[in-house]
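Beneath this line is the structure, given in structure tokens, with notes to follow.
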Amino acid sequence: MPETGFGLLIPIVFGLALLFVWEVVTRGANVPQVLLPAPSQIWARLIDSVPTLIADFQQTFMKSVLAGYAMGCGAGFVVAILVDRSPFLKRGLLPIGNFVSALPIIGIAPIMVMWFGFDWPSKAAVVVAMTFFPMLVNTVAGLSQASEIERDLMRTYAASYWQTLFKLRLPAAAPFIFNALKINSTLALIGAIVAEFFGTPIVGMGFRISTEVGRLNIDLVWAEIAVAAVAGSAFYGVIALIERAVTFWHPSVRGGRA
Amino acid sequence: MNKPIVVSAKNLGLTFPTGDGDVIALSDVNLDIAKGEFVSFIGPSGCGKTTFLRTIADLEQPTSGTLTINGLTPAEARQNRAYGYVFQAPALYPWRTIAKNIALPLEIMGHSAAQQSERIARTMELVNLAGFEQKYPWQLSGGMQQRASIARALAFDADLLLMDEPFGALDEIVRDHLNSELLKLWARTQKTICFVTHSIPEAVYLSTKIVVMSPRPGRVIDVIDSPLPHERPLDIRETPEFLAIAHRVREGLRAGHSYEE
Amino acid sequence: MNKPIVVSAKNLGLTFPTGDGDVIALSDVNLDIAKGEFVSFIGPSGCGKTTFLRTIADLEQPTSGTLTINGLTPAEARQNRAYGYVFQAPALYPWRTIAKNIALPLEIMGHSAAQQSERIARTMELVNLAGFEQKYPWQLSGGMQQRASIARALAFDADLLLMDEPFGALDEIVRDHLNSELLKLWARTQKTICFVTHSIPEAVYLSTKIVVMSPRPGRVIDVIDSPLPHERPLDIRETPEFLAIAHRVREGLRAGHSYEE
Amino acid sequence: ADQLTLQLKWVTQAQFAGYIVAKEKGFYSDADLDITIAPGGPNVAPEQVIAGGGADIIVDWMGGALAAREKGVALVNIAQPFKRSGLMMICPTETGITSEADFPGHTLGVWFFGNEYPFFAWMNKLGLDTAEGGDVTVLQQSFDIQPMIQGQADCISVMTYNEYGQALDAGYGPDNLTIFNYTDMGNDLLEDGLYVMEDTLEDPAKVDAYTRFVKASMMGWEYALENPEEAAQIVVDSDDTGGAELAHQLYMVGEVSKLVDATDPALDMATYERTVKALLDQSIITAEPEGGFTTVVTDGL
Amino acid sequence: MNGKTLPILIVLAAILVIWYAAAIPMNAPWQERLNERAGLETSFIEFVGQTWSQAKPLLPVPNQVFGEIWNATIGTDITSKRSLAYHASITLSSTLLGFALGTLLGVGLAVVIVHNDASERSLMPWIIASQTVPILAVAPMVVVGLGAIGVTGLVPKALISMYLSFFPVVVGMVKGLRTPEGIQLDLMRTYNATAWQVFSKLRWPASVPFLFASMKVGIAISLIGAVVGELSNNAGGGLGVRLLTGSYNGQTIQMWAALFIAAALAAVLVIAVGSAERVANRAMGAQT
């Protein structure tokens, strides 16, 4: 337990040092507030704007990010299974999956607004498009991880495709799948925020950021960024905790001991 | 002996293509195994014992000749879950406890939870692993892992058992114990058993038929039908019949080797 | 006997904490191994043989007592590359060919390319794997993999050899052959060898000292200094001295077991 | 030659024809100036760019410039070529909106990113609550007319010279639109003006360069408005993105000509006062700005 | 025709059919309004034809998109600013540079993290936090900041690509470098191998499957980064800028064309990484 306490200490000390340098440099070099406000100014602004920040957080994170993340990861996973299930689809669908991989967010954001309207569903759709591919790639890679002898065992049981999938290949793929879940936890947030630059009701983290940049309230922009960083890190942290619990058996988690 | 034939190989051959030339793992193997037989396979390392078992199990495809299991193709037999297989390596799933590893085939074959726990308890007792139910594979010693994998293959009742050096990592005492347990099980259930071993006494003690193989290319060089009675106390190993068979096996084995000490 | 002591364990204990309670793998082990000795460890599966070897090799940390290697801590000895280790499982790297796997320690210890290929050829010859240099581990049979891992440990010249059931997956003939090769090597080089085996004859045939262990908790229950001469032809195995030691080992082993057949 | 960077408020288009033409026609180099024109975009805040030293002169709307001035970026208006606002709000007649009185209960599309001040000033004047659950629903509108075509907004913001043209192309027109023109309503805030940092005005050499710049720019505007086809072609050619279309740029030059006074870039004080009042009324700025403009450049022409 | 093309063709055909079909209802309301305004009465067939040939459709149909792609690539001088090939090459170069930098940075960080627990605790939270900073908000500051110190053109955009693409590589490689089994590490310990030897002879080869999965994601994200970077620096051109100007001018067809080129670029890049993966697997004796 003191281990974890110490473990938390390092990033906190590191972070405080970073903030201190930031404060000193911005004040010392007289950096214009419209370029980079000092942490103290950002903090003051953050405290002032709590209701706004909460409203934005709810709009962007609780709606767009979570819904899009769940659907995008789910879709990537399902397509990976489909592709795995059928060699035909593997040859036909996988290249198309690659095609979807980098549909640039700024290209699809306006289109999604066209299709799904201004409110959060269009943002969630952008998040779906962004999170789909990492999940597809990692699940496909993960599904090939079970070793030959582990598969042979299933073959001797004449296990059905689904039994092999659930009892062998998915557990073996879990480290890869969690990689995707972790990468996507931050991608989803970026996606939702960027998508709000392309038309939105007047609430949301991305809306606030773009609008307040235009108004040169850069301190509020950074307050919003701080909220995004905390929310994103917490999201990532939760996924990482679940990962430790689920893939406890993987050498990377149990510390490589034999 | 007009027992039905369980395994029948005719001119069976299997060649592995590899980056630097083909490896002939099996060549011209002819063998019939009747129901209820206990057949041991013995031969130098790399002579194709594992490959032959894997071919029976439909894990490798013969490149020539024919192989039938209960008159069916190996694939059909596998679909019928005709056999239980103990691999040469334990192949336990690291995310499952030992009990859960043994439960695996039972889950797949749809046994009820009550049946599962009854069988897990019984087979873990049999291989003397009681008390290790909740451990994970990496927390077990090599021999314990091997015993867990034996328990897993015994947990469901296949009529044909394919066992690839199941007792290789076990000491004499445990081995004797498991040998006699296996014989009891075999006598009770009339299973057909294909058993790979490196121990000549073990092969002679257990088997009704001993298949001696030789490598490069892997082929059968001797098939010995044991004259020993079905009932086999441990001290049968000192009888002249026993020693005679052991001698014949050893000679066959030596012939297959290239050492000339 | 005033040969220097290579391995010295005093009141050595090792406990693994696990999810459902501690496992005492070693308890109160006292043992001295002098330079040039050939020590066999024998005992029921799970009694702590592997754990003891791993502790010598500085792969596990004792939880009580002391252990020194050549008068140094195990960590220092490891840093001096004092030993070669043959694991119970082959532990070959799947992305390296067999030759490259054997080359691994040589690369790490900075041998020249010429030296490497000379040693690879020699040790592969020794374990009778010549011709399989360019194969990958999964293209080898179980016994061949084990032999490759033996070759890997022999390729560099450590004064202390730790061998965990190196011949477990090998047939009698290969085993006899490798046993006598090992004895020759030992006689020639005065290496100290710690050797885990499940075969009583093998232990008696090879060793100057036999350590009999017993499980739960793992401890040493008998240490037998062999009266057999250093020079050991294969037929020494029929002599009364040999059988007497084998009997004593078997009794110790049986005492450590919980079977009551 | 004096090197100066001009940061535009938006992507390369005929809205900035005067500057682009002046550069291409050599009016700047004739005035011994070496001008770099940096295109803007939805992600570029000119006020930020100039504060960071990325530009010497920016094209900006007065609302944004004065708000920035209060935030510590000492922007000063040195010239105001655009005399009128091109901003409008248009509502298809099928929405039933025929006058300001019909707004309550409807959804209005607005450009943010510093372009929202005229709209809020107007709503403020009408006494309409724009907060969530208020009289009207406000949308952050994308920079196109899709929200109207798709019926996501009942009214959308357009510039006379740009989006309105797209609406015309799409089959909308005065007969099926209700048009609220900010200038006609007297709600206009000053649009494209030229701004520099206050401290640079202390340097006579800079002031001289600015003066030459404004002068050459106005020649550019004059030339552009007189030769719309050529101007449009020049704009299309200078667009790095290849997105500009000749026909549309030609339309834009035509419309922009109604807003620009190519002969006199001086700031009109009456419009200035009105702009400041509107900004003050809705607290976009909190105090009467001091030194937000200078006539030193336009006086020197 | 080999075994690969047929499935792709069939799936493509299915997509085309769905696409054409979807375009009808999506473009219909607007077409109805147009026809109503013009007082036109049309048969269904004519109406379908109309929905497939709007100038600014909600969903342009494939022949419109590919026609535009054709015109803007083959039909246009490659050096022209109107050529999509020209813009694609701009985006491609910053993508590749950013991807190379991002992969190096990601692997470098993963190596540091795996070899030093303290650095994991101090670095990882900040690496994660860095990814939650909305890139589009910071990109302009980066571009302005770098511009102030004289760095312009390709590099700022590549840096944004790197910023986005290093993250999947870190996450994947931290896991990958830790994937060797205990016994494989123990072997290295018995040789008293140096950290570098353990890395080069064990951790690195063992992490290869993770590396390639990460690189596939990384290169795709890198392209997104390049496109986002272009938004903050319209001067340089690139597919991102094409997308924007397409959007501002209501040129849906132009947008879709740029989008397709970008996606095709991504697909080609991902497939290239996949081919490299197959080559590496073969060189490493993978079981097939």
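Going by the order they are written in, the chains are A, B, C, D and E; count residues from 1 in each one.
Methods note: a contact is a pair of C-beta atoms (placed from the backbone, for glycine too) under 8 Å apart; a residue touches a chain by one contact, two chains touch by 3 or more.
Here is each chain with its UniProt name: A, E = ABC transporter permease; B, C = ABC transporter ATP-binding protein.
Everything numeric here is computed off the predicted structure, so don't read it as measured data.
**Q** Counting one step per pair of touching chains, how far is chain E from chain B at the shortest?
**A** 2
**Q** Per the definition at the top, count C-beta pairs in contact and tell me whether A-B or A-D has more.
**A** Result of the comparison of A-B and A-D: A-D.
**Q** Just grab the chain with the largest centre-to-centre distance to chain B, centres being mean Cα coordinates.
**A** Centre of mass proxy via C-alpha means gives D as farthest from chain B.
**Q** Chain B to chain C: how many Å between their CA centres?
**A** Here chain B and chain C have centroids separated by 27 Å.
**Q** Averaged over CA atoms, how far is the centre of chain A from the centre of chain C? Could you give it in whole Å?
**A** That pair's centroid distance is 50 Å.
**Q** Go ahead and note the Å separation of the Cα centroids belonging to chain C and chain E.
**A** That gives a centre separation of 54 Å.
**Q** What whole-number Å value describes the gap between the mean CA coordinates of chain A and chain E?
**A** 16
**Q** Two or more other chains touching the same residue: where does that happen in chain E?
**A** 58, 136, 140-141, 144, 181-183, 186, 231, 244, 247, 285, 287 - these are the residues of chain E that touch more than one other chain.
**Q** Where does chain C touch two or more other chains at once, residue-wise?
**A** Residues 59, 89, 138 of chain C touch two or more partner chains.
**Q** At least two partner chains per residue is the criterion; list those residues in chain A.
**A** Within chain A, the residues that touch at least two other chains are 35, 110, 114, 148, 197-198, 210, 213, 250, 257-258.
**Q** Residues of chain E touching chain D in their complex?
**A** Result: residues 30, 34, 37, 55-56, 58, 80-83, 86-87, 136, 139-141, 144-145, 147-148, 231-232, 234-237, 241-242, 244-251, 254 of chain E touch chain D.
**Q** So in the complex, the part of chain D that touches chain A is made up of which residues?
**A** Those residues of chain D that touch chain A are 42-43, 45, 47-48, 51-52, 64, 67-68, 71-73, 112-116, 132, 137-142, 144, 146-147, 150, 152.
**Q** Can you list the chain E residues touching chain A in their complex?
**A** Touch residues, chain E against chain A: 3-4, 7-12, 15, 26, 58, 118, 121-122, 124-126, 128-129, 131-138, 140-141, 144, 164, 167-168, 171-172, 174-175, 178-183, 185-186, 209-210, 212-214, 216-217, 219-221, 223-224, 227-228, 231, 239-240, 243-244, 247, 255-256, 258-259, 262-267, 269-271, 274, 287.
**Q** Show me the residue ranges of chain C that touch chain B in the complex, using the header's touch definition.
**A** Listed in rising order, the residues are 16, 18-20, 23, 42-46, 49-50, 88-89, 128, 134-135, 139-144, 147, 164-165, 168-175, 177, 180, 198-200, 250, 253-254, 257-259, 261.
**Q** Spell out the part of chain E that touches chain C in their complex, as residue ranges.
**A** 181, 183-184, 186-193, 197, 201-202, 205-206, 208, 284-287
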